[in-house]
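Everything on this sheet refers to the single structure shown next.
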Amino acid sequence: MSSSKVGLSPGTLIYVGPEVVKDTTIKLVEYNEKYHKERTIDKVADCQIASDASYISWLDVDGIHEPEVIEAVGQIHHIHPLLLEDIMNTRQKPKIEFYNDAYVFISLKMLYWDEKELSIDAEHVSFLLGANYLISFQEKRTNDIFAPVLERIKASVGKTRRNGADYLLFSLVDLIVDNYLEILEKMSEQLEELEGLILESKHKDPIGQLYNLKRQLTLMRKYVWPLRDMLSQGLRENSKLIQKSTIPYFRDVHDHITNAIDSIESNRELLTGLIDIHYSTLSSRMNSVMKTLTIYSAVFMPLTFIAGIYGMNFDHMPELRQPNGYFYTLGGMAILAVGLLIYFRRRGWM
Amino acid sequence: MSSSKVGLSPGTLIYVGPEVVKDTTIKLVEYNEKYHKERTIDKVADCQIASDASYISWLDVDGIHEPEVIEAVGQIHHIHPLLLEDIMNTRQKPKIEFYNDAYVFISLKMLYWDEKELSIDAEHVSFLLGANYLISFQEKRTNDIFAPVLERIKASVGKTRRNGADYLLFSLVDLIVDNYLEILEKMSEQLEELEGLILESKHKDPIGQLYNLKRQLTLMRKYVWPLRDMLSQGLRENSKLIQKSTIPYFRDVHDHITNAIDSIESNRELLTGLIDIHYSTLSSRMNSVMKTLTIYSAVFMPLTFIAGIYGMNFDHMPELRQPNGYFYTLGGMAILAVGLLIYFRRRGWM
Amino acid sequence: MSSSKVGLSPGTLIYVGPEVVKDTTIKLVEYNEKYHKERTIDKVADCQIASDASYISWLDVDGIHEPEVIEAVGQIHHIHPLLLEDIMNTRQKPKIEFYNDAYVFISLKMLYWDEKELSIDAEHVSFLLGANYLISFQEKRTNDIFAPVLERIKASVGKTRRNGADYLLFSLVDLIVDNYLEILEKMSEQLEELEGLILESKHKDPIGQLYNLKRQLTLMRKYVWPLRDMLSQGLRENSKLIQKSTIPYFRDVHDHITNAIDSIESNRELLTGLIDIHYSTLSSRMNSVMKTLTIYSAVFMPLTFIAGIYGMNFDHMPELRQPNGYFYTLGGMAILAVGLLIYFRRRGWM
Amino acid sequence: MSSSKVGLSPGTLIYVGPEVVKDTTIKLVEYNEKYHKERTIDKVADCQIASDASYISWLDVDGIHEPEVIEAVGQIHHIHPLLLEDIMNTRQKPKIEFYNDAYVFISLKMLYWDEKELSIDAEHVSFLLGANYLISFQEKRTNDIFAPVLERIKASVGKTRRNGADYLLFSLVDLIVDNYLEILEKMSEQLEELEGLILESKHKDPIGQLYNLKRQLTLMRKYVWPLRDMLSQGLRENSKLIQKSTIPYFRDVHDHITNAIDSIESNRELLTGLIDIHYSTLSSRMNSVMKTLTIYSAVFMPLTFIAGIYGMNFDHMPELRQPNGYFYTLGGMAILAVGLLIYFRRRGWM
Amino acid sequence: MSSSKVGLSPGTLIYVGPEVVKDTTIKLVEYNEKYHKERTIDKVADCQIASDASYISWLDVDGIHEPEVIEAVGQIHHIHPLLLEDIMNTRQKPKIEFYNDAYVFISLKMLYWDEKELSIDAEHVSFLLGANYLISFQEKRTNDIFAPVLERIKASVGKTRRNGADYLLFSLVDLIVDNYLEILEKMSEQLEELEGLILESKHKDPIGQLYNLKRQLTLMRKYVWPLRDMLSQGLRENSKLIQKSTIPYFRDVHDHITNAIDSIESNRELLTGLIDIHYSTLSSRMNSVMKTLTIYSAVFMPLTFIAGIYGMNFDHMPELRQPNGYFYTLGGMAILAVGLLIYFRRRGWM
């Protein structure tokens, strides 16, 4: 994974991320309120978008691991080489960049929640919004994350068909952000379950699990936090590429992101609280173990000592000669034991 | 509860929150200094507000779980679809939005303190302030939270009747915010009670309770914090919808919110302090248990060892033959025990 | 104390604070460089201040628990009803408000240090600075906190007599702020004493006391922090009511407040440090208790075991028959014990 | 190392850093798209750069420990004496300074990761960017850190040859920053390895190592944090020395620095988490030790006591006379022991 | 030390600080590039500075405990009474104040490191920079802190003689700030030494020492932090009193202060780390003590129990009659002991 970039000439295209074997798939969707056409492009050279057309063009590049493909797409659409680098670098954190009124570049993360490993999996997604077109880049995975929007366009449901490329961008970003809230919901449930187990002391060693959840939240925060500022900045820029009527929709996404951030923060607080409870429980349990030990010792040590006394072999020990000495001794021991137990109960140790 | 919105077309109205079975109740109150009329609206279509009227109209929608009702109200009063989404989403955090001088949208939370469960219960409330009307939306619960203001308007007490729709908005927000301070007062009392119990070590395991209170405070903070900024922003906006004479009243509400936030923060500090005390108490108790154990062991181990010595069966053990050996030994043991106890008392262990 | 305001019409005057039985005292002081007159006002209606006079008028209202008195004073001097509410609400946090060039409203806290209970007691104080007059409101307590300034004016010492109402305000605020530094000094001494006791482990359970001091500091911070911003804001406002020559004096007060805040923060750090030391001491003591126990056990367990061996009743145990077996055994035990003690001393446990 | 500067006249040149014995090496590289010349300068006086030339001049001073050399370079190129001080002070933190449009001064740190000592080693690097020249200063070490760029210029690969001195500066800074990410990658791997060991409790005392890593991260943060602000400031300055076409490249470096800072912060969080886990593990282990002790004591104390009872020498002890008393007793002991073990297993202690 | 100021008329001069017995010394130094004269002033009335002179005048007042002296100096040079208060108040925190272009007032702290008590000692220093003069105030101590600069002026070394009063101010401030870095260096060494002792567990109770260092750092931070903002503000003010050519020098001091602050912060982090390590060490040691105890108990308890069994006095105990029963028992005990030890070693407890 650590394909080092040190020493390479800046701007050299190189894919940074987990290994991929499949080929890149490129799809071109053209639509307006009445027209709709979708086709898969086989040769990269054919991915040219019709400019000044009466319809919206959406070029979806599924796969960012082949430098030659990305470079070709970049050259055809005049994308700055540094942006191509960002598109191929899965470690790039979310960012927005305005290239005058020519295009807007947005990169962010699609997140998946792996229920088995209880971990977050991030897919690097980039968008390039032009006057009447949108180019999207996603990592080659088993599923196409934009399928629901593709379906809606095909079925002509929703407002996407009636609006511009900026609305399409909004729909795709909204899809990704809604997914964040979904994941946070699942983590909350996980946390509540853990909370129950910890409060009832049923979980033997929850620290590893708590710690893992904390890491996942930290990771998620790393991906979600920058989005808020990105959107604020984007709305402030007043770019011609985003129409006035679409702005409320982006403001809405901004709201959802704020909700997600709040959710992340409160989950983190919850976690910290659970860790505290766990430690407190450990301490309490230790206390209870020590009390048991102390009570045992406190009761049996004096008794054993008394038994030891009468086990001594002195020639002259008058008690030993008494006919009922043994029974008196047993009785005294019983009284002592009961007395000690009462004493400890009074001190609240039992 | 987790009615997922992922994949749905944005702007699709869907209720997010706990299940509700009752029907929505809609009430229309019209008043000015001299005139007052209150009626319940049965058909949503009849909820039209008279524009440019000489009186103030207050439309109170009690119930936000029926998409068709909210949509109808929205269409009649030209409310942006995204706002309708916010009105129906009980997870939406407090926010303010200005739609030019047409209307102001405010959403916030009415909070209840459940004395039994020691938890906060939030009701999602939204307001839409227009030129001479106010539309309020609340969740359908057993009680109508705006009852006191309704009463005051009916009885013509207070300044509400003499002022505009903005003053009505203020009255309702003030009602909600005063309630926050009330709840915080109750939590303070709860905390003081807990503090007494912990300081006197009477509470066996307060960590769960402390932790719950912390969660409630975190929750409350989440609802109250955004209000301060909202109000500051609202006052800065200089909207025509809020008259100059009403501004001092909103500034007053702003003050109350600041007081509430301060109260939340100092309660949180108190809690952290209590958790510290609790841990310190746990440690002290452990220390005392260990001291008891150590004293017992330190006293009885040597004594039992001596008894063990004289319990050995060597043929030649001169002390055993001495007539008073037994009593001398007992005396020596007593002296040793007393000496050890004095030693431990001097070290401050008893 | 919790006289609830929920549901009351906003602006309704109600006293919030500890119960008071005494009557309100109102004093009117008129002075300029040459003239001085002081009289107690019996009927509230007589508290009218001469406007445009050649002298400064200071109206001191000692008592804020009688709504009718405060309302009367408010009506006579045209004070906004919401300010009257703030004057009577002892829970109101410090604030400043400018009403154009008509008057400035300031509310803050006079603090007392209760040496017995080691707690801070706050008295709610409000000022209303007009063109050539000052109205002050204080809670009815045993002492009049403004006595020293009154004395100075009467005795014609200091610069107060030569300056305007704004300088009088400065003198009173300065008095209150100097008192903060005094209290902090006392708390520092308290802390240093505690520190000595904790470092020498002479204090058995200091956590309650440390915790109380922390609460008092938190309380104090709550009262002092807002003052800094208030003064900065006040100086920025450039109000006509505050003369240029008085500004350096207010800047000086601002400096003192900053010093007080610094002092609060460093005292808080000191406290946190002391709590850390206390825990460390607890741990060290526990360590020492456990070492004692372990050494006892480690020494006596083997010895008692040996004694047990020779206390067994086997028919054939050759050692028991040896004439000096007993003494050899005792010697062996002594050597073992000394060896173990040397071992533990080497490990640094003794 | 602590060659004190206290009491010296300000501006006195003095080298602050680890001792160096080697001589300073000065290299002058001149190039444009077609031309390339590289030579080593033996006499400092010859290091004059051709002004207004049609090619870019890069003067690389390898060694900053000889005040006379630095002073000579400074005088020839009119560098402010205070900058010379900064160039020679290896403790100087990263900074940027604009001297109108004459030149820009940048100082930052090249970092090395010492795999053996697991520590960061910093080399102080300074740049002076003029109209068509760049002067670089580095500490005299075994390797020349700028070798890869030198190679690229010589081989005429990459864009450096086609661009100005500002692009050269970018290439060098980019080299340094890419190295940061490399180091952070290595630290991450280190951390993950440690995490595995700690989670499986295989590392006996990881606290020293964790603590060392934390220190290294703190150190790194100290060097990397200021860079971000430096670059932001540099881009804002709008200096003529940096061409418009180079700005995207610097923005890219800015991005990388932000990534590095994020990486530092998340590594720090990881570390804090690992420390928590370590403590939790310590506590759990203690718990398990104490349980073992308690179970042993709880089982053997009563048994030993019973044996003690029947070891007493009373004349009249009826059980002793029973033919099978011994076996009954053994049986009773076995039952008691098993019962206790079952009890402890039920309580979850085994 | 607590000479209370409460109730005193504001502006009353009073010395706040440790008691001083020596007299104030006043020195007047006049110099320009060619001219130099230094004399001690015996009567305060003679301390008048020649205005509009062709040379720089430096009035150094060594002693701030005599109100009459400070007042006289203040009246002669028209210093605002509140500034005189600040000069005499050793508790005053660092600050800068501009009195138009008449003069600039700066107060800061000279710090000493007491190697014996490991504590910081602060001396209150104030400067008043006028058009061509500088007045400095320092506490009367054994040494004159400005001696090195005095020497340089006398010897005509350095740039001071060639520059204005602002450069003189810079030289003095630089002297003080360089001293901060010196002290921090010493503290770092102290910390590194402590670190070694703690990591090798050689220091028995380092918490007191760690805590003291933390306090000293907090104290230092209190004195150094405000300086940074002061200088930034001073540079922004664009006062005529500070020449353009001197600004880079002050910027350099600003850099040094930033370095000092960074150093303080990283030392504080180091300290926190050391406290963590100390606690971890305490826990580990406790763990090891408990393990020792448990192993002893676990080995000797069963053995003693077996010995107890064969010490019982039952009439019929067949093992006791076997000729080699004793030796078999001893052997069995040895095997049991070895087995247990192997078991504990396997569990990693030995």
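In this document, chain identifiers A, B, C, D and E correspond to the written order of the chains, with residue numbering beginning at 1 in each.
We take it that a contact is a pair of C-beta atoms (placed from the backbone, for glycine too) under 8 Å apart; a residue touches a chain by one contact, two chains touch by 3 or more.
Just so we're on the same page, UniProt names per chain: A, B, C, D, E = Magnesium transport protein CorA.
Computed from a prediction, not measured in an experiment: that's the story for all the values here.
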Per the C-alpha means, the centres of subunit B and subunit D lie apart by a whole-Å value of 43
Centre-of-Cα separation between subunit E and subunit D, whole angstrom: 26
Going through subunit D residue by residue, note those that touch at least 2 other chains and give them in order. 283, 286, 290, 293, 297, 301, 304, 308, 311-313, 317
Quick one: label the inter-chain contact graph as line, ring, star, complete or other. ring
So, starting at subunit D and moving first to subunit E, the ring lists as D, E, C, B, A
Complex contacts: residues of subunit D adjacent to subunit E: 2, 4-7, 9-12, 80, 82, 85-86, 91-93, 95, 97, 205, 207-208, 211, 214-215, 218-219, 222, 275, 278-279, 282-283, 285-286, 289-290, 292-293, 296-297, 300-301, 303-304, 307-308, 310-313, 317, 319-326, 329-330
Which subunit A residues qualify as touching subunit B in the complex? 148, 152, 157-160, 170-171, 174-175, 178-179, 181-182, 185, 199, 248-249, 251-252, 255, 258-259, 262, 266, 269-270, 273, 276-277, 280-281, 283-284, 286-287, 290-291, 293-294, 297-298, 301-302, 304-305, 308-309, 311-317, 349
